[in-house]
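We call the chains A, B, C, D, E and F, going by the order they appear; numbering starts again at 1 in every chain.
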Amino acid sequence: MNENMQKYLEKAEVLIEALPYIQRFNRKIIVVKYGGSAMVDDELKKQVIQDVTLLKLVGFKPIIVHGGGKEISRWVGKVGMEPQFINGLRVTDDETMEVAEMVLGKVNKSLVQLVQQLGVRAIGISGKDGGLLKVDKKYSDGKDIGFVGDVKEVDAQILEDLLEKDFLPIICPVGMDDDYNTYNINADDAACAIARAMKAEKLAFLTDIEGVYKDPEDPATLISELRVDEAQKLMDEGYIGGGMLPKLQNCIDAIEHGVSRVHILDGRIAHCLLLEIFTNKGIGTAIINGEENRYYHE
Amino acid sequence: MNENMQKYLEKAEVLIEALPYIQRFNRKIIVVKYGGSAMVDDELKKQVIQDVTLLKLVGFKPIIVHGGGKEISRWVGKVGMEPQFINGLRVTDDETMEVAEMVLGKVNKSLVQLVQQLGVRAIGISGKDGGLLKVDKKYSDGKDIGFVGDVKEVDAQILEDLLEKDFLPIICPVGMDDDYNTYNINADDAACAIARAMKAEKLAFLTDIEGVYKDPEDPATLISELRVDEAQKLMDEGYIGGGMLPKLQNCIDAIEHGVSRVHILDGRIAHCLLLEIFTNKGIGTAIINGEENRYYHE
Amino acid sequence: MNENMQKYLEKAEVLIEALPYIQRFNRKIIVVKYGGSAMVDDELKKQVIQDVTLLKLVGFKPIIVHGGGKEISRWVGKVGMEPQFINGLRVTDDETMEVAEMVLGKVNKSLVQLVQQLGVRAIGISGKDGGLLKVDKKYSDGKDIGFVGDVKEVDAQILEDLLEKDFLPIICPVGMDDDYNTYNINADDAACAIARAMKAEKLAFLTDIEGVYKDPEDPATLISELRVDEAQKLMDEGYIGGGMLPKLQNCIDAIEHGVSRVHILDGRIAHCLLLEIFTNKGIGTAIINGEENRYYHE
Amino acid sequence: MNENMQKYLEKAEVLIEALPYIQRFNRKIIVVKYGGSAMVDDELKKQVIQDVTLLKLVGFKPIIVHGGGKEISRWVGKVGMEPQFINGLRVTDDETMEVAEMVLGKVNKSLVQLVQQLGVRAIGISGKDGGLLKVDKKYSDGKDIGFVGDVKEVDAQILEDLLEKDFLPIICPVGMDDDYNTYNINADDAACAIARAMKAEKLAFLTDIEGVYKDPEDPATLISELRVDEAQKLMDEGYIGGGMLPKLQNCIDAIEHGVSRVHILDGRIAHCLLLEIFTNKGIGTAIINGEENRYYHE
Amino acid sequence: MNENMQKYLEKAEVLIEALPYIQRFNRKIIVVKYGGSAMVDDELKKQVIQDVTLLKLVGFKPIIVHGGGKEISRWVGKVGMEPQFINGLRVTDDETMEVAEMVLGKVNKSLVQLVQQLGVRAIGISGKDGGLLKVDKKYSDGKDIGFVGDVKEVDAQILEDLLEKDFLPIICPVGMDDDYNTYNINADDAACAIARAMKAEKLAFLTDIEGVYKDPEDPATLISELRVDEAQKLMDEGYIGGGMLPKLQNCIDAIEHGVSRVHILDGRIAHCLLLEIFTNKGIGTAIINGEENRYYHE
Amino acid sequence: MNENMQKYLEKAEVLIEALPYIQRFNRKIIVVKYGGSAMVDDELKKQVIQDVTLLKLVGFKPIIVHGGGKEISRWVGKVGMEPQFINGLRVTDDETMEVAEMVLGKVNKSLVQLVQQLGVRAIGISGKDGGLLKVDKKYSDGKDIGFVGDVKEVDAQILEDLLEKDFLPIICPVGMDDDYNTYNINADDAACAIARAMKAEKLAFLTDIEGVYKDPEDPATLISELRVDEAQKLMDEGYIGGGMLPKLQNCIDAIEHGVSRVHILDGRIAHCLLLEIFTNKGIGTAIINGEENRYYHE
């Protein structure tokens, strides 16, 4: 029994360690962009939802924004549609939009299901509900790529109402333009716009990479914390490429509009969200505004 | 101008005529089961949504429950699935349920879109959100027909929260069982269960028939108002058949659990909802509890 | 029946046409100065009250300010008092004030009665209740004309309380000076002061004229809309005379203190209020602040 | 200065003596029927209003119900009307009712004026406002005496709303029947009905007599406290006569419907209300439910 | 790093394990009787306060009731008082009560200090504040033992107010009798009375023993869970003796008045509260109402 | 009886005289620094508490801040401690602080007891509760005098919460520094800091002197009212000395931070608080901001 008791005590210590973090983020809003591998692997999916639900239960106000992952592509194929591309970007015509909205809706409700199962009230909405996301049509180098939109306005009232009523909101990135047409929105962009509008304390991107590297070839160059000016400099100097470029741009954008800390987390690591928030172990890269937000000092 | 003025005065009179009806139903809940032709014809669709939105604006608290119409069948075919039938009922296997939920989600958001366009805050949810609809698996003569559920419990909290926040809730009839599996629910049943749980003043079914006939062969036998006991008698005596039988059973069930008046409306008539509520012209058949709820006296 | 159905459908269309207007003025305050012929003719009286009650029921927040019409003169005669005049203005001595307050109180309660009869909660108050209207003694060319006051301060708290409790407030234009003496106030002035204090969306004067004419001799010169600067110019250039002069001054005053639109309506036209608000037919003359408030374009 | 100081100390002691009474009746409703000499004598009038205002300020919730005193008769004469009588009761025809309502309205506002002057928010209403008093036509031995009504229902919502908003409500006893005709109500009856509906702690009648006597000829037989059963017995045994009979019936009625203590006070004594409530000197007669409400023990 | 990561993952797992417990007790009241060794040892003291504070932060509503431990005796000696005993019980005369109240007050504020230091709002009160604890004088076999009281009434309003305002209330067991004299109360009794009055979900006694034994000589007979009827039987059969007897009586009393589960915890074990609530390791003995509250099945 | 009646009427007049004062200070905060003789003499103590309780009941929001008087010294001696002095100031070492906190706690609860006895809800807290008083260590001419603190921050939230819940807060002047050590605070300073933080209408110091004199040797030079600039001038010119100097500095400080009127009252006069507030007899000296706050004109 002594050995068991030792184990139990260690558990209690872990809970006690969490105390200052629970304290610090009490009633703060945290927007979680949920995507990538963590959406495909069922075990990871369950862990992400457990993490977010725990955050809700201990007093945070989390909001999930999710994408559709590879599920959209799968269904586009399933209904026998021919994908079209312009500049390597998928053209979202009427029918593709229809399928995308259906798939995103399905994913949305499957997340609601998991949260409800853990005993927390969830509500799944799209950017159409309550006019949450208003978009402008987006062009790729001036070319028409169909119903792809840029968020031009967030009407946060619906989120404030739902948080007040103690729901965990789960949002899929679909919005409407001024003529009430339906548009697909990049989930990273949607999460960033919502974090800004809600003056979130944190914005966390669950991704399939470990974080930002100074040298992508060298894992040892992973950067734990990055001030916005440092991030900007890295971008200016060409260290950042590929999909990380717009993501980092979103991070900077969020920080500059009042979000305190943006995290690029490796969604392939179990419970990466909890680890980031409740331990002094930084996972991935945090974008911060200034030195006062720096946590991890060597 | 005199002629114009005459026309304007007539308009004012119509508004004034509406006064006692607005007064009578102020802050009352009305559940509208929206389905059938009114979902297919774009003009009728717009009119139904205009009607419900007007009800919202003049002080009612409408809730829409919708089905998927023929859209589900269309998509089931589109993805190349083979329909199976037992006792003439479609078997809802895993994949069918997946498609059904996607299609219902799409229809749901298209209604949200129309309401938002009219300047009223709408929110589209399914019976999964906030655990609204809890179901038991349903069998057809003891045969397994897959993920088809009977509502066993309504957790109305989410609807009360949304009405309090002044949303127009739009609900698709999908629910979960005790193990959090997804089930399809008959939209009439869902509407009836929600009307009961919300202690609605009215429940209106938009259908593709004119109402209840004593003799279905003879249009002149359309019944304007029917007390529950009269309805029961008609059923017992075999006058009612086909799809009207379960619908009428739902009506009786709703009345017996506190709904004041249930309407079977002909959704093919433009603005049938407004006509029923704001004029002394009864559209279709009203099921009532007793003589004191009788409106139309010859 | 087809013909009837056609008629019913037209009614529904009228209601649907009202939708954007209901939407636009939802929870907005509209102050109605009720006087003139519309107070004398019982049919018109009923119609005005129906109009205001409808506005209340569909979500507006109307406030009625009324005068005493010819009823005061009738009772002054009835009790055998000799009217006195200075500069053609009636001198309001102690006794006249007493009779005026009694008559205004009676008219006030008769309006309460009509509104209550239509099923809406009304409350009739004077400017004494809750200290609503504070006045300074008014002089006519330096001559003492008795207990006639200018509104110097509006304590709007009582109106905010009553609107919050969902009453339709009906106000008679009597106030008190700093020594708590009773004064009569011109009903137009009282309505204007209240509209300003409540930051009303609209202020409507029910009068016995069609509106503002460029040439009073020529009915064809009736002006539908008038920007404040245009109104000022008309006044400066001497086009406006008689009782219209102070009324127009009140309109300008209200607009300059935040009321969006002031209407001079012909109270002799049945349902002139509804026609003005719910149709695109302008009745009488609207005073507006700038081009963005112009409705009626030829 | 010593002498002055002594005087000041005595004042402080009086305030301190009031402490337990203030404590006991904190937030309790007290309905004051105001009538008789206290309405005619200006000094007494001011004192009554001071008393009620003080009760309001120290935390009670007083409601005033007033009559019209001799003022109605005076004005009926003034406008040259011929009084008619049936069974010695004045017949209230249309015109008499009109004058009565006007006079009661005037008295009502004069009380508002006095309370406002003391810095407390007053609102004067009649039983028409908010549908407060609903009446049935009253007959005298089967004879029609015109617009005289018995209270059949009190809609207390308006009073609850006004008390919640911290107003001192002042009510004149006019009501409407089911057809919204105006009726005069006996002020004692109105006060009693309102006290019952509001579940008042106290109901106080300001009268022109000292209280209830065992032997009206002998002032020494004034009764300080009377249990309802004792009062009933006195009535049954014929000790009580004249105007005291219906008044005592009202007292018993109020007690039996939940009012804790009803007072018949001599309104001719300055500050009789304060004396009754804040000192251990009983003024007039108190009707109580049982021994536990007895205050004054010899 | 792999090894570290492993350790971090284990931490995350511990947090996730807590999820259902946090969920189950969300917004539930838990009364903690804090005494014994856990009050003397500074490290244990800190751990108890950390535990309670964590419970507060994750959504519970804890209330601490504490004794004075040996501190009272120490100060009684320090001021040179001679202790008196009757039946082996300390007599609490005026002076002893004075010292006891002072010492309890000091302990109370030292707990406030520790909670505040952890960033949670604490408020330290005694049973005098807001009239929380009303007592009757207690006698020991009919002998006067001074100012020692039995709780006869709990006025829980103050605790409801403080919980609503999100304070962690810390209570010392001092109360007043009907004459407002000060009395000492046994802390176990006070905790039990408060748990009953607040309809607490849990009541936990921090003690210096491991729990209830069937055979106190044999540690192996420690009982994990005990239904009230089993507890009663043990007492009836003489298995329970010494200080455990009144404690167990308190447990039964609490359960019978609606507390769901009462815990006798070994306060000498670090974080015994967290271990009991957040792990499936039962510490000490739980008194339960029936089988449905049994947690630990072998 | 006539004579008695006369006496009663005079009592009523005293209550009526209080009306404007009750009106003026309705819902205003008044901070009372309670100390000196009024704490030692039991009769005076009872009178002060009666006064404050009456203020509470008639609608003020009083807050009591008290010192420990000579009681601390008495207990320091009682436990056999040797007092140490630096610059004539008592050095507050660990043990002295412990005794001081205990004694202040005892005094605190004895005041709670008195207020509760008068039927008003009291709560006794120290500056530690809810983190009310944050202090910096204070030095005397650079010398360490132990745990004596200057208020550096007031977290008024706890007081706002308690007032909202209708408690009468009673505060003892103990606070914590940034490291959560306990410090004694001068009660005058604490009262002044709290009055500033709560934007009190009044701050009253109960002292053992009559007020401020121009010439302390000549009682006739007692000053009734003093503008801050006059007070400053008196201080600059050396008229003020001894304990009055810091007290007057506190008065000026309070006035300059928004308190309307600060009173230096002679606590040896019975009911000095009531006399000051409810009569036109000024007791002691009032410090005011400008002429508009002057009450007493010769």
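Convention: contacts are C-beta pairs under 8 Å (C-beta built on N, C-alpha and C of every residue); 3 or more make two chains touch, one makes a residue touch a chain.
This one's a predicted model, so the numbers in the text were calculated from it and none came from an experiment.
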Mutual neighbours - chains that touch chain B and chain F alike: none
Mutual neighbours - chains that touch chain A and chain E alike: none
Which listed pair, C-D, D-F or E-F, duplicates the contacts of A-E in over half of its pairs: D-F
Dist(centroid_CA(chain A), centroid_CA(chain F)) in Å evaluates to 55
Rounded to the nearest whole Å, what is the centre-to-centre distance of chain B and chain C, using the mean of the C-alpha atoms as each centre? 44
Go ahead and note the Å separation of the Cα centroids belonging to chain C and chain E. 68
Can you list every residue of chain E that touches 2 or more other chains, as numbers and ranges? none
Taking chains as nodes and touches as edges, what kind of graph is this: line, ring, star, complete or other? ring
Beginning the circuit at chain C and going via chain D, which chains come one after another? C, D, F, E, A, B
Contact set on chain E toward chain A in their complex: 4-5, 8-20, 22-23, 26, 47, 50-51, 53-54, 57-59, 118-120, 269-271, 274-275, 278-279, 281
Per the touch rule, the chain E residues reaching chain F in their complex are 75, 78-80, 98, 101-103, 105-106, 108-109, 112-113, 116-117, 121-126, 128-131, 157-158, 161, 164-165, 167, 174, 176, 180, 182
